[in-house]
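Both complexes shown next keep subunit A, but they swap its partner, so subunit B is in the first and subunit C is in the second.
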Partner chain A sequence: MAEKKLELKNKRFTGPFTLIISVVVFYLVVKIMCRSLYSQMVVNMALVFCLVAYSVSVMLGMCGELSFAGVAFMGIGAFTIANLTTGRFGFKISPLGAFLVVIPVATFIAFIIGLILLRLKGTFFSFSTIALVQVAYTFFNNYRPLFGGVDGISGIPSVRILGKQLTNHYLWFPYLLVFVVFVGLVVEHIRNTQLGRSMASCRDNETAARVLGVNVYMTKVIAFTISGVLSAMGGALYSMLIRYASADMFTYDTSAKYLIMAMFGGVQSTIGAFIGALIVQILPQVLKVFQRYFQLIWGVSIILLMVFMPEGLTGIFRMALKRRKSRKKGRISVIQEKGEE
Partner chain B sequence: MTLSLFVSLFVDGLSMGMIYALLGMGLILLVRAVGILNFAQGDLLMIGAYICGCLFLDLKLPLWIMFPIAIVWFALIGIIFMFTVYWPLRKASYSQATIIATMGASIVLQEAVKLIWGSSPRAMPAIVQNANGSPKILNVGQVTLPIQYLIILGVGMVIIYLVLKLFEKLYVGKLMQAACQDAYAANLLGIPSILTICATYAIVMIVCGTCGYLVAPQFMIRSTLGTLQLRAFAGVVIGGFGSITGAVIGCLIVGVVESFSTLFLSGYKDVTVFLLLIIFLVLKPTGLFKGKIGDKA
Partner chain C sequence: MAENETRKPILKLENINKRFGGVVTAKDIKFDLFPGEIKGLIGPNGAGKTTLMNIISGIYTADSGTIIFDGMDITNVPDYRRARMGIGRTFQSPRFLQRSSIRDNLLIGADLGNRIGFLEGFFGKKSTNFEQELKDMMDLLHFGFNWDDEISSLPFGQRKLLEIVRSLLSHPKVILVDEPAAGLNPKEINYLMDILRMAARKMNIGVLLIEHSMDMIMDICDSIYVISFGVPIGEGTPEQIANNHAVIEAYLGKEDE
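The block that comes next holds the complex of A and B.
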């Protein structure tokens, strides 16, 4: 008993500590490794896409519904930023102010769409989200007054934080890192709240959840809204980073990438989404020789992932940990038995 | 709108709707047999188009030799597809794994086709053509009807009739249906569920491949043919879950609506289909027809 208490205390103490240490180590490693602006850009993109991977993790990992809608919400976020900051409505807001506008806009739209689409279940819901992505793309590509049509919207001004103009990717990096880690903590927190537990119950056994008084439909709608907002933030940052927004950044084909990011790291864990986003984004740059075959390799790797490690990297890690623990426990019980003899 | 325009748009829509209906029927067959939705359905169609193109354009086989060979290929590909994307995953820890695997398969098929045949689309001649190689067109009064559309309608109806007959009248079909409804009990009764699943995949691939051959003259043989599946999905949802007739009728509705919407909003073709879907979701979320096995999806 006393040991357990000590362990708990330790965990409370070491949790934030290891987090800060690992963030700082990650920061330093990137700072040392990224000698060129291009490689820094790749890492920044990975951090932005990490937000979208979080959204997959919320919807698929916590709630058990496969949604492709992330790309559509990214588009909504990006075009909101583009419209508000370039003065297409007759007024201009600073990019950070526009970023704050994105959140309520995305919440509202995601909530309404969630109310409609979640009347469907399982796979039928999944492909209704594909239809949503397709429709959003059609609008982005054709409707000029809001989305700029085929040309997209360029000329998004650079962001100003704490009196500093973020003109290149080196300057962006620390802010992005802090923001992504912060959002990750929020997502991790959701997992441990009542909402997170009701989502998990919807995922594991819907009937049982309903018997226990969980409003399954509403829980899923809320999860959809959260994931929509996360994606919209990702899209907004994406457009702020490359200072441009156009329809072909948000096609259905790209949505597979975000799914792989979340699946690769492990869809049930927040850290998994982070690691997956980094790997999926950086690996193609390292293996540039195979560029022609890359899409093919992605496809094959999705199938292999699903066959051999559906829980992703963190799943494997967790399993190894469990095995080690049980082995240790086994040894202890053997010793205890011997003592009793 | 004149009557002739109306009729030609209607036939156009019906023929596209028939293609969606065949895809949708395949989807329903798979949902019933193994309980998963196939996100590579459109890509199976594309593979069918490419195989027919290879046999017809590269090897220059006549139609009556080409078709049996193509069907054998389709059946083989269907079975390979089943053993790579479904069989290793049938005991996966969560049900989305199989669906995501079919998405992976869709990417693999598209890329493989691009690597083998190049990314530029290939032209496919229509089945019935004039002397100069242009597709033959039937003129009835003022109405112009491309013969290809009529062939699509005819072949589609024959295929749907055959599949319905197979499942309702033949002994094999009954075995397959039994294995769909309760694989465990069917196994106890001595029905090999692996064979019935294989057969289902082969049939689905044959249907999709034939569709590919039929649409190839209109859309050309290209790697993006897979996007046709989105309309088939919409049609299946509109028609109802798990019922073949429902899916067929839903898909026909989608085809006709899409065809008429090109007249008014050419850029927003997908939007009208999706709006139709939303209206159905709000008003009648169970679809037009209730399925025999509704819970599986």
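The block that comes next holds the complex of A and C.
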């Protein structure tokens, strides 16, 4: 056996330089490509939904628990904004101020719900989150004092940042982009710290997690809370963008979309959620020519995706990198073993 | 108390009983494990050795009896908290995070060693000598790896050794090692014994070792505890055990007249 030197260098870190360059390139590409307000809106929506895709990435990718609860928390975020900014409680806060309120509200609610639902395991937990979404929808749709019933709540004022009123989607875009990238960095940081590793241990081997001192239940509750806050921020921005909040924006049907976004890009990576959200949101617009067959193409491609690239786009990219690396070293790549248990 | 501090057991089992339905897997088990001691836990297949380890690490709860760790009664303490108190554990087939890199797999041990909360971890507090400790241990094990490779890229034997490394990185006071030599080649078994000796002598860790390789048990253990069908049948130094009739009988059967 050839003795290999121990390499401790962190090679995964790509450096702030690459990041800034790619964000700037992305910004310019969108600026050039988006000739109409509508296409800019599509991109903005993709960025907002990206936050929800992050939340899937945290819960499913890091923690290994499939949760549909994202839309429920989006609703909580959106209706918090709507109630606080339109003066339904008798006072008005600016949208940005209300956005800061969303975070503690969502943290509190997600934590309590997480404590209850995560007493269930695996599939049972997933089903309970579906129930949660339905319950939340029923509330949103019927309880007028808080959620405006079927009419929803309209008239959310436009956002004012640095003395500028964000009245159209062009103005929104740079702020959204910076915010989404920033949140992405936070999520990526979680992945690389103790919390992320604890979550990964809950995902891959609970027994190992426990003998390594990880409180599996609490770690999952924390993951659920983080993902709830991410979704709520997404929902809040959603309502701030379209200046309206109503129950049918947060149905169970739409929750599949966020799941697909995260799965498409690769649920194991943060950048994957970003790419997935963009593709899933933008592709239907690009393929408008095939509108009649779109659902068919969409369905088939999702099946193919799950069969041939369960790790999503970033998974394929990572695999290609690995294959190149092992070819370089001239050694046979090791057949990946299935996880124990 | 101060003068016999060195001989105070770090782990003390008192009359541990456990049964699964009609099957008795532990009956009145009692022993002391001292810091720096390597204690072999042996017995024929199905004797309840791994079950006993699971009881100590908290994966199972004992039906009756007390477990004293570091002067505290931990019989009803949940498993993850026992790990944080300093009970390390490795498994017969290594349990790693299959989808994570080697780095993450080892750092999770170091996380436990740091004993800090998630928030402090988020803001970048980390152990200062993690790399040095890891290097020292890898010197004993005579193999290296690429930090970013996935854990599944390592051969089985190296993964087993690495699981012990992961556990030692968490600075345990007691480490429960379940059949570490199974699947290892003779060279690796030597490295394994080196690292277990290092853990006991240098780090003053109490080592409880399940192993079927008698050569290794006789070579490395300070004392041996033998169980058969959950019942303790012998305890003593390797020499005493080698000449213990009950033990020989359990392993080889009764001699005909």
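Basically, the second predicted complex is superposed on the first by the 307 of 341 C-alpha atoms of A that agree within 3 Å, B and C clash if a C-alpha of one lies under 4 Å from a C-alpha of the other, contacts with A are read in each partner's own complex, and residues count from 1 in each chain.
Here is the rule we use: a residue touches a chain if its C-beta (ideal position, glycine included) is under 8 Å from a C-beta of that chain, and two chains touch if they have at least 3 such contacts.
Keep in mind it's a predicted model, so treat the numbers as computed, not measured.
**Q** Does the superposition put A:193 against subunit B (first), subunit C (second), both, or neither?
**A** Only subunit C is touched by A:193; subunit B is not.
**Q** According to the stated criteria, A:215 is in contact with first (subunit B), second (subunit C), both, or neither; which is it?
**A** So A:215 only meets subunit C here.
**Q** Per the contact definition in the header, classify A:36: touching subunit B only (first), subunit C only (second), both, or neither.
**A** A:36 sits against neither subunit B nor subunit C.
**Q** Quick check on the superposed pair: does A:205 touch subunit B, subunit C, both, or neither? Answer first, second, both or neither.
**A** Second partner only.
**Q** Under the touch definition given earlier, write down the residues of subunit A that touch subunit C in their complex.
**A** Spelled out, the residues of subunit A in touch with subunit C are 1, 3-12, 189-190, 193-195, 197-198, 200-201, 203-205, 207-216, 222, 268, 334, 336-340.
**Q** Subunit A touches which residues of subunit C in the complex?
**A** Against subunit A, the touching part of subunit C is residues 57-59, 78-81, 83-84, 87-89, 91, 93, 95-101, 103-104, 107-109, 111-112, 114, 116, 118, 121-122, 124, 131, 134-135, 138, 142-148, 150, 152-153, 166, 170.
**Q** So in the complex, the part of subunit B that touches subunit A is made up of which residues?
**A** 31, 36-37, 39, 84-85, 88-89, 92-101, 103-112, 115, 230, 233-234, 237, 241, 267-271, 273-274, 277-278, 281-282, 285, 297
**Q** State the interface residues of subunit A toward subunit B in the complex, per the touch definition above.
**A** Residue list for subunit A touching subunit B: 60, 64, 66, 116-117, 119-124, 126-128, 130-132, 134-135, 138-139, 142, 256, 259, 263, 292-293, 295-296, 298-303, 305-307, 310-311.
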